[in-house]
Every structure is written in structure tokens, then in C-alpha cells.
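Structures follow.
Below are two complexes that have chain A in common, paired first with chain B and then with chain C.
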Partner chain A sequence: MRIGMIFISISLIVGALFTLMGASYALAGWLESLELFAGAGHLGAILVQMLVMVMVTATLLTLAERKWSALMQDRVGPNRARLPIPGLKDNPLAGLPHIATDVLKMLTKEAFRPKAASKFLFNLGPILAFAPVFALFAIVPAGPTVEVMGKQVMMVAANPDFGLLFLFAIASLAVYGTSLAGWASNNKFGLLGGVRASSQMVSYEVALGLSLVGMMLAFSTVKLAGPTGMTALQAPYLWSFNLLGLDVGIPRWGIFLQPLGFLLFFAAAFAETKRAPFDTPEGESEIVGYFIEYSGMQFGMFMISEFVEVVVLSGVLAAIFFGGYYLPFGNEALMGLPVMKAHPWLLGATLGTVFWLKVILLCYLQLAIRWTFPRFRYDQIQTLGWKILLPLGLANLFISGALVLWDPSLHSLALFGFVVLGVIVFLTLTPSRQVRLAKQAEEVHGGHGHGDDHSLPANTH
Partner chain B sequence: MSAEQVLFWVFAVATVVAAGGVILARNPIACAMSLVATFFFLAGIYVLLWAHTIAAVQVLVYAGAIMVLFLFVLMLMSLSDQGPVMTFSAWRIAGVVAVVTVLAALVLVFRRLPAQESLAWSGDAARLGDFGTIKHLGAVMYTQWLFPFEAVSLLLLVAIVGAVVVAKARV
Partner chain C sequence: MSNDATYDPTPSNEELEAHLQTRNMVLNLGPSHPATHGTVRLRLELDGETIVKMDPEIGYLHRGFQKSCENVTWMQALPYTDRLDYVASLTNNFGFLSAIEHLMGVEIPERAQYIRVVGAELHRIASHLTTAAALGLELGGFTAFLYGVEARELIIDRVTELTGARLTTNFGRIGGLNRDLPPGWAEKVLKSLVKIEELTAEVDGLLTRNRIFTDRTRGTGVITRDDALDFGFTGPCLRACGVSYDVRKATPYWVYDRLDWEVPVGMNGDNFDRYYLRILEIHQSIKMIRQALEQLPEGPVIIDDWRIVLPPKDDVYGTIEGLIAHFKVVMEGVPVPPGELYHSTESANGELGWYLRSDGSGRPYKVHVRAPGFQILSGMQRLCEGRMLADLVPTFDTINMIGGEVEQ
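Our next item is the complex of A and B:
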């Protein structure tokens, strides 16, 4: 029963993604064939991707966060809002009505502004917090460029020559929203939150940029989309063999070539999203944060920008480290299918679904991290950024650079990557020093004759 | 007017207005935000000059990093909206005269610049080749201008060491 439900849910999600991506390609091809103006189809594709895919995923994440946090904390979770439909009256519908009630509440609440707040900057804060985060998705390719109705349709808003520099430039602008919001509210807690946010984001930007240089070196490009972009270059295999007509192998994904780079980028980007464990700018239990004076939809902008950031970060991670819209293997077999050759939009929709599934999995990973770790102290955040991530990023840069120079086929880089992955897994599985010391203390304690203590876990002492 | 000219006037007027905001706004935070806007619109003008990479770096370094630090310091100083009252002293008047002279000299020089055909690059993508791309910029920076580039990085190192020395005495 339970397994059946899970299968039905997963196939519903996959079906919805496939339908949306197929509709996106069809709409773009149709608009292009109308020949209204140059780039009409492209505009349609962008609008569907940004306004439907990104925004709907972000909106659903607000509910997902509440559900998953409840699951992890052994609570029931959101189940109060019910729809007054006769047959469904007593069904919480997995909390789905809560999305509607949240939106209604935010839209109808008074947008209050403190008297002493600086009016223009106070209103500018939420806008500047939301816009850069949303704009980041512009360079992330959500699907391949295929021919629909005789027209080329691409699933990326822009593919500038400076690719990842756009990402860094726009991501660095997001800090203005939070710091301005904190300052303009004329509230001491808000100011503290704003100052914390700006110092944290400035510190982690250095590690953020440095961690991706390894990938730029490996593929000698900074572009994400297009035939010379990182996504397309990750599809070929490092090692492969043919299994019953299906090509199987290890692709040149960033996670295999640059596991350390992935870890550093993920940590730094996670700090930029200001979510737990890096949520000192908010710190609900101590200072409430930079949005303390905001209410109604202005607060809603801050909240939704956080979730949009989660989606966009997942998209960027998928495009740089997880092969973008490509399958791990079997791409050639898929593209060789007669039905895919006859209907290229079908190929686009399939690969687009693969991309969005990766995004959803990475979103889940981010939510799981957010509800697993306690908040770091302010000095721990700065130590992690400057004394751990930055030196590791520099070391990673030099080693990757040397390996790419020594072996341009990237095989040795991948072997080194597997070693690093092994070390990371080993470090994750070995208990930390505190746990080992606690265990030792317990054994010494137990030696004195309190034999019952052995059955208790170490952390109860 | 071509689309390029329209964009130029949009960016040029916005740059001047935002730059005016930097010196005219009373609130120091508003001044800093005006400077951010100035950098942003200036990046737009760089794009019109086919220097896309420089435009991205401009936003990344000036608008995204340096101005954030400015804003950080301004927020910590908690300055009031009421700036200093305008006073006139001999130095101020001398300064105004100097600024006007420099401006007049610049206007004169720019008016006498010949209208070179070779500079009219707009719309001639074939002749541009890879000008302004990250590849071209990197090649030029690491071959032709290697020495100035390294000298500037040495200067930055000196500045960092100096900052640490100054700050360390108080920690």
C-alpha cells in the first residue's frame, strides 16, 4: 500500500515534469513558427522555465520544507487547512491547501512600514533580495537545443561568453537586498541581521568563485549551455563499454572530476542562501533577522526568494557537477532511438525531465541538510569560510591544474577525484573525536562495575 | 536611431543621474546605492563597446564586492541623514575652480578627437572577431600586459599585508 503510494507519487511527478517540458518545447516551436518577431519562441521557452518551472517548484518547496521538517522532527506537520469540498472535507490532502492559505495570508496582510524607516530603501530591500536570485537561472540550460516545427528551440535564456562570471556577478548583488532591508528598517535587530548577512556573504564569495575554477580548467570553458558548454562536455564517457547495445560507463561529470570542488561550492553557495546551518542573519531564536520589520507580501518576497535560491542553486549544481540534462549513461542509445529522431521534441522533453528530476533531488538534499544541522556560531562561520574552504579551494585549484596539464584526457583527474571521494566517504563514516572520547569514557566508566551502562548510547552521558 | 543608440542614451543618462545621486543624496547609504547603480549602468555602456567580459567583471568586482564592503562600513557607523552644512572656504572655491577647469579641458580634447572610421565598430561583428571575449582578454592579459598585471597583484598583496599589520595591533 505504502510502496504503491510512493510509486504513484513518483510517476505523477515524472509525468508532470515530462508534460511541462514537452509543452514548453511545443509552445516555443509554435511561437517561433508564427514568426511574430525574432526570438518569440525563445521568449516563450524562457517564460515557461522561469515563471512555471522555477516558481512552481519554489512554491511547492515551501510546503515540502514544512512536511520534511515535520517528518524529521517526528511531528504531524501541516494538516489544518482543509478545502470545503463535500467529498474532501476531512482530508488534509497532504497539506496542499496550506500553500493557498499561506499565499492568501501574505497578500491580504497590511504592508506595514515603521515610521522612522527610510521609505525608498525599505521598499527596495525585498526587490533587491528577489531579483538577482531569480535572474541567476538565466544561464542554466534546462534542456537540449532541438528542432521543433523546423525551428531551433533552446531551453536557456542566455548563453553569454562569460557564462559563470554572470553567475558570480549577479549572485554577489543579492547581498544588497538583505543588508538594505536590515538597515532601512531602523531596527537594531534588523541592522544586526543585515550586517551579519553582508559579512557572511562577502566572505563566502571568495570560496564560491575559487571552487569552480577547477571545473573551468578541466573543460577550458566558463559557459554552461551550448555545444562547447560545461553541460555538453560532461556527457562523454571517461571509461565505457557496450552492454547489450546500451552504452554503459562513467561520464565526465563534475562530481567525479572535482568532488572537492563540488563540496566547497555547495558549502559556499549554501552559506549564500543564508539557510541553516548558516542562518545567523535570520537566527529566529535570537534576533529574528533583517526582515524583522517586514510584513505581508514584502516578507513573502524574502521568503520566496530563499526557496527560489534553493531551486536555482540546485539547477546550477546539476548543470555544473551532475551532467545537466544528460542521463548518466545510455545517452547515445536514447538519441539513436527512431522515435526520438522522428520527434526531436520528445528527446528534449525526456532530457528536460532528467534535468528537473536532478534539481528536485538536489532540493531534497538541501532541505535535509537544513533540518539536520544546528546553527553555526558567527565565528565558526567565518573560520569555515576563510580558514577551511579558502585553503582547500586553493589546494584543489593547484592539484587540478597540474593534473589537467599532465593528462588532458582528464583520466588522472578522475582517478584523483575517486580518491578524494573515497576520503570524503571514509571521513563521513568514521565517528568524530568527541564521539570516540565519549565512547572511551563510557568504557572506563563501565569497567567499574556499572555493566548496565554498556547498553546505552554514548551520547546519553 | 538604431537600437544601439537608444540603449546608449538610456545607459548614459542613467549613469549621469546615478552619479549625480552619489554626490547630491543626503543619506550616505543612498549615496552608496547610487554608486552601485552607476557601476551597473556603466557596465551596460561597456557591453555597447563590445567589452562584455569587462562589464561582467565590473559588476562582479565593483558592484558586488567593493561596494558591499562600503555599505558594511557605512551601516556600522550609523550616520545621520543630515550631512554637513555647506560652507565656503578658500580651499572649497579652489576645488570648484579646479574641477571646472578639468571638465572644460576634457570637453575641448574630446571635441577635437577625429571621427575615426576604424572606431565605428558597432554592428560589424565579423571585423570584431573574438574581441571582448574572455578568451581574447585572457590572452592579452597574460602575454602583452603580463608585467602590469603582476605588478598590480603585487600592489594588492602589499595592501593586504599592510591591512593585517594595521589591524593586528588592536586584536
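Our next item is the complex of A and C:
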């Protein structure tokens, strides 16, 4: 019964993704065939991918965060809101009505503004916090370029030549919304939050940029979408063989070529999104947050922009490090299917679904991290950024550059990547010195709490 | 400028190196703030994020505990003690009763002593779990907090079965206890202890070895052994500095000397030690409860002296002696002989001392509480000044200030 429910839910999600992607391709193809202006098909991507997929995923994440955190914390999670419809009255519907109630609450609350706050900047804050985050998704390709209604359709809102540089530029704009919100509300807590946010976001820009240079070197491009973009270049195999007509192998995904780059980018981008464990600007138990004076939908904008950030970051991660919309293997077999050749939009919808599934998994990863780790201190974040991430990023850049020069086929880079992955897994699985010593002590004393001196272990410091 | 030759337009070195004129920011943390447990106002003077000066301002929860006690009989003062350390009210109840019994020279039955140990240790676990797990909450780790609260909820359920109330237990009477253990309660407690151990291990696993957590807690909120002694710290906050002082070991009361347990001691007196010490103490308390429930003797739970305890209802309604005794105990109060004494027990936060003075009437002449939290709160400045604002919040948690007992 339960397994059946889970199966049905998963098929529902996959089905919805597939339908939306199909609709997206159809819309883009139709817009392109109208020949309104060059690249009108991108409008389809903007309408469906950004306004529907990103926003709906972010909205659902508000619920998912609560449900998933409830799973991790032995709770039931939100289930109180019910629809007053006969038949559904006693069904919590997995908490879905809570989304509606949240929105209603936010919209109907008083939009309060402190008397001494700067009116213009105060109102500008949430807008500036939301807009850049949302715009980031523009360069992320959600599906392959296929032919629909006789026109080539790209499933990306924009594909500029400067690709990833757009990402860096726009990501650094997000700091304005946060620090303005903190400053303009004329509140000391808000000011502290704004200052924390600006220092943190400015210092992580460097690590953020540096961590991606390795990938740019490997594929000699800064573009994400298109046939020469990073996503498409990740599909070929490093080593592969044919298994019963299905091509199996290790693809050139960023995670294999640049595992260190992935970790650095993930950490730096996490710090940019200001979510736990990097949530000092919010720090709800310390300074309550830079948005302390905001209420109603203005506060909702900050909240939703945080969730949009999660989705966008997952999208960027999927596109750069997890092969974008490609399957790990079997791409050639899939593209070779006659039905895919006859209806290219079907191929696009299938691969687009793959992309969004990756995004959802990465969202889950981010939320799991958020609900597991405590928060850094403000100066520890700076230490991590400048003293650990930056030197590691530089080392990664030099080693990757040398390896790419030495072996342009990227095989040696991948081998190095596997070594790094192995080291990371080894370090993660090895118990720390403290745990080993504690185990030894337990063996010597024959069980917990029978030692003579019951002081804290001497090695705790 | 009459003499141009002596005029030097370049500014002097002092002028160039002078710091910008900055002012420290005064920040009111509280009285209503997520980090202030209870209601307390911390007046902070901040230089950037560094605390230059800190001034805890109490009084928002003052209820006049000591004066109220003088207007009621000794037993009627018992419910007031629930509201002192409301996280571990049984330790207050039993401590207060123990002090009165010492003043009267009454020895309570053995079974009652064991049950008092079980109750006090249960609430000690609850308090320590709240503090240790809430440290996760202060540092943004909400999950660890909820595991701790889940374990605490089990204890509160057991305490409710025993006393009838979740928070304000009002349990125990002068001379013993007002009721025996409910049937099957001991087995339920043993079952809950297994679950509590599991959940404590979860909290421990999520926090203790976490690098971010240790970075945040080690070396923050440090107080030296000498300073702690000077301020009058007791309990986990003192033991974390390396002083092995526990009232239960120093001057054993009830049956603590019959149980096999140890006093965990820390080394550095920082937040981490205060946190980890509490985790270790939870294990010791669990050990104690198991032993106490095993050794629990049969017998009465309250002494048989109608001048001190209420007679059984049958006697009240059936005999004239019972009725008179009931009337006198209720209307005049328990006759505590004139005299004064200081008696202390170990509450969850440290030495809970009672200075009682009786003039022989049924009401207290003076009740003074030495609440452990007050001394610790007064040492807060030493722990926080010169540190960062972000460290104040976990420090405020690990000293476990309970507004009820500090402000009385």
C-alpha cells in the first residue's frame, strides 16, 4: 500500500515533468514557426522553464522543506490545512493546502514599514534580492536542442557567448538586495545581518569564480547551452563499451573531471545562497535576520528567493557537474530509437525530465545539508573562504590546467579526479582520531563509563 | 600666515594614522528575543561584532517568591518552588522538602528516598537534554534539538504519570511523598530510558563530532577554574572547569551514597565542555535511575505522624482524631520547630541551597533560595566580553539560565 503510494507519487512527478517539458518544446516550436523575430523560441523557454518550472519547484520546495525536515526529525510535518470539500475534508493531501494558506497569509498581512526606514530602499530590497537569483536560471539549458515544426528549438532562455560570466555577474548583484534590506530597515539587528551578508557574499565571489575555471579549461568554453556548450560536451564517454546494444561507460561529467571544483563551487555557492550552514545573515537565533522588519509579501519575497536560489543552484550544478540533461549512459541508444528520430520533441521531453529529476535530487541534497549542520560563525566563514577554499581553488586550477595541457583527451584529468574522489570518500569514511581513541578506551575499560577518571577525553582539544 | 617659511602643508604622521571616529553600538538583546531563554534583557555594547560590554538585566520574571512564602504555610509554599527551575521542578520540590525535614529533624522512609532520587534524576536528564539539544538550536542545528525534545517528552510523560502534571509537579510532602509509584511505572521508565539513551546518542552523534559544532563551541565562553569559584559557580558549569564538586557526592543525601556513579569533570570550562559534560551526566543519571529502581524497597512512602502529614481519608471521615489532625495540618500548617538552617541539594544547574528560618508557627519566617543560576548569570560578563556576538548565544544556552530561579 505504502510502496504503491510512493510509486504513484513518483510516476505523477515524472509524468508532470514530462508533460511540462513536452509542452515547453511544443510552445517554443510554435513560437519559432510564427517567425515573429529571430530566436522567438527562447520565449517558450522563458515562459515554461523559468516562470512555471522554476517558480513551481521553488513553491513546492517550501512545502518539501517542511515535509523533508519532518522526515529527518521524526515529525509528521504540516498536515493541518484541509480543503473544505466533501471527500477531501479528512485528507491532508501531503500538506499541499499549506502552500495556499501560506500565500494567503503573506498576501493579506499588513505590509509594515518602520517610520524611520528609507522608503525607497526599503521597498527596493526584496525586489533586488529576488530578481538576480531568478535571472540566473536564464543560461541553464533544461533540454537538448531538437527540431520541432521544422525549426531548431533550444530549451534555454538565453545562450550568450559569455555564458558562465553572466552567472558570476548576476550572482554578485544579489548582495545589494540583502545589504540594502538590512540597512534600509533602520534596525540594528537588520544592519548587522546586512553587513554580515555583504562581507560573506563579497568574499565568496572569488572562490566561486575560481572553482569553475577548471571546468572552463577542460572544455575550453564558458557557454553552458548549445552544441559547443559545457552540457553537450559532457555527454561523450571517457571509457565506454557496448552492452547488448546499450552504450555503457563513464561520461565526461564535471563531477568526475573536477570533483574538487565541484566541492568548492558547491560550498561557495551555498555561502552565496545564505542558507544553513552559511546562514549568518539570517541567524535566526542570534540576530533574527536582515529581513527582521519586513512583513507580508515583502518578507515572502525574501523567503521565496531563497527557495528559488536552491532550485537555480541545483540547475547550475546539474548543468555544469552532472551532465545537464543527459543520462549517465545509454544516450546513444536512446537517440537511436526510431520513435525518437521520428518525433524529436519526444527526445527533448525525455531528456528534459532527466534534467529536472537531477535538479530535484540536488535540491534534496541541499535541504538535507541545511537540516543537519549547525551554523558557522561569521569569522569562521571568512576563514573558510579565504584560507581554505581559495588556496584549494588555486591548486585545483593549476593541476587541472597542467593535466589538460598534457593530455587534451581529458583521460588523465579524469584519473586525477577519481583519485581526489577516492581521497574524499576515504577521509569521510575514516573515523576521526577522537572516535578511534574513544573506541580504544572503551575496549580497554570494557564498556562505557567504567573508567576511573571520568574527565572528558584528554584529546578533545 | 605671516611667516610662509614655517608652514608645512603635509599632514603630520599622527593625523594620518589616527583612527576614524567610530562609536560603539548599543544593542538590546531581549527582553523578547529567540535566544533569551525566559525573559531577560542583555544590554550589549558592540564594536562591530565584538562585545565590548555586556550587562544582563533581570527582573522581568520577578514574582516575589521569598515574600510570598512568608504568607502561606510551609506546604503551601511547595507549589511556588515548581516555578523556580521550571525545567526540572522535581529537584526544587524535593530540595525544599528536604530542607524542611532537616529543620524538623524528620527522617523519611527509605522507599520515599529512592523515589525522590528517581524523580530528581529524571528531571535532571530532562534539563540537561534541553540544554544540550538547545545548543544545537542556538547554532542553527534544529534537528538535534528536536531529538532532544523528543527524549524530554518521554520523561515528561513519565513525570505526568507520577505527579499528574507536566510542568508544575508539586510532588512530595513533608515527611515523604503524597503518593506511591503508579502500578507498572517502573517498567515504563526502564523502557523509556532505553529510548532516551538512543535519542541522546543521536544528539551526541549529530553534534559532538561535527567540525562546525566543535569550532563554534571550543574555546568560546571560557571561564577559568579560579574565576568560576570566585563567582560561585556550581553544577555542570563549575565541573566543566575541572572542579569535581557535586553536592550529591560531597554531602550525600537520600540514597545517593548507595548508588554506583561518578562525577564527570571537564577541563577547559568552555561551551563544549559544558555541553559534553551534560551528555555524560545524562548517562550517569540513567545509570542511577536503573540502580534505584532495582534496589527500590517495599514499604510506606510517607512517615506515620499525623502532626506532620495528612491522615488517610478513612480516618479523617471516620475518627475524631483524624478529623482534628487534618484540620490542624490544613489550617495551622506543619509545626516546624523554631530555628534556622542552610541545606542544599544538587539541582540540574548546580547547588540549590535553602536558607530557612522558622519562628515555630506554621508559616515560614524567611525562605531564601540560593538558586544556582543567579551566580552563573552574574559571571556571564566574564564569559562574553571581548568575544563575538555570535558566541554569546551558545554561551547563554550552556550556562542554562532559567529565568524562574534567577529572578524568583
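Everything below uses one rule, namely that the second predicted complex is superposed on the first by the 425 of 461 C-alpha atoms of A that agree within 3 Å, B and C clash if a C-alpha of one lies under 4 Å from a C-alpha of the other, contacts with A are read in each partner's own complex, and residues count from 1 in each chain.
Rule of thumb we're sticking to: a residue touches a chain if its C-beta (ideal position, glycine included) is under 8 Å from a C-beta of that chain, and two chains touch if they have at least 3 such contacts.
As the structure is a computational prediction, the values presented were derived from the model and not from experiment.
After overlaying the two complexes on the shared chain, residue contacts for A:276 are found with chain C alone; chain B is out of touch.
Contact with chain C, but none with chain B, is seen for A:74 once the two complexes are overlaid on the shared chain.
By the touch criterion stated above, A:202 is placed in contact with chain B alone, chain C being left untouched.
In the overlay built on the shared chain, the residue A:378 is in contact with chain C alone; chain B does not reach it. When both complexes are overlaid on chain A, the residue A:192 reaches chain C alone and has no touch with chain B. Contacts of A:284 after superposition: chain C is touched, whereas chain B is not reached. In the superposed model, more residues of chain A are touched by C than by the other of chain B and chain C.
Touching chain C in their complex are the following residues of chain A: 69, 72-75, 188-189, 192, 196, 276-277, 279-280, 283-288, 371-380, 432, 434-435, 448-449, 454-456, 458, 460-461.
For chain A in complex with chain B, the touching residues are 118, 120-121, 124, 160-162, 165-166, 168-173, 175-176, 179-180, 182-184, 191, 194-195, 198-199, 201-202, 205, 222. Residues 25, 27, 33-35, 49, 136-144, 146-147, 150, 206-207, 209-210, 212-213, 215-216, 218, 242, 262-268, 272-273, 276-277, 280, 283-284, 287, 388-393 of chain C are the ones touching chain A in the complex. Interface of chain B with chain A (complex): residues 27, 29-30, 33, 36, 52-53, 56-57, 59-60, 63-65, 68-69, 71-72, 75-76, 133-135.
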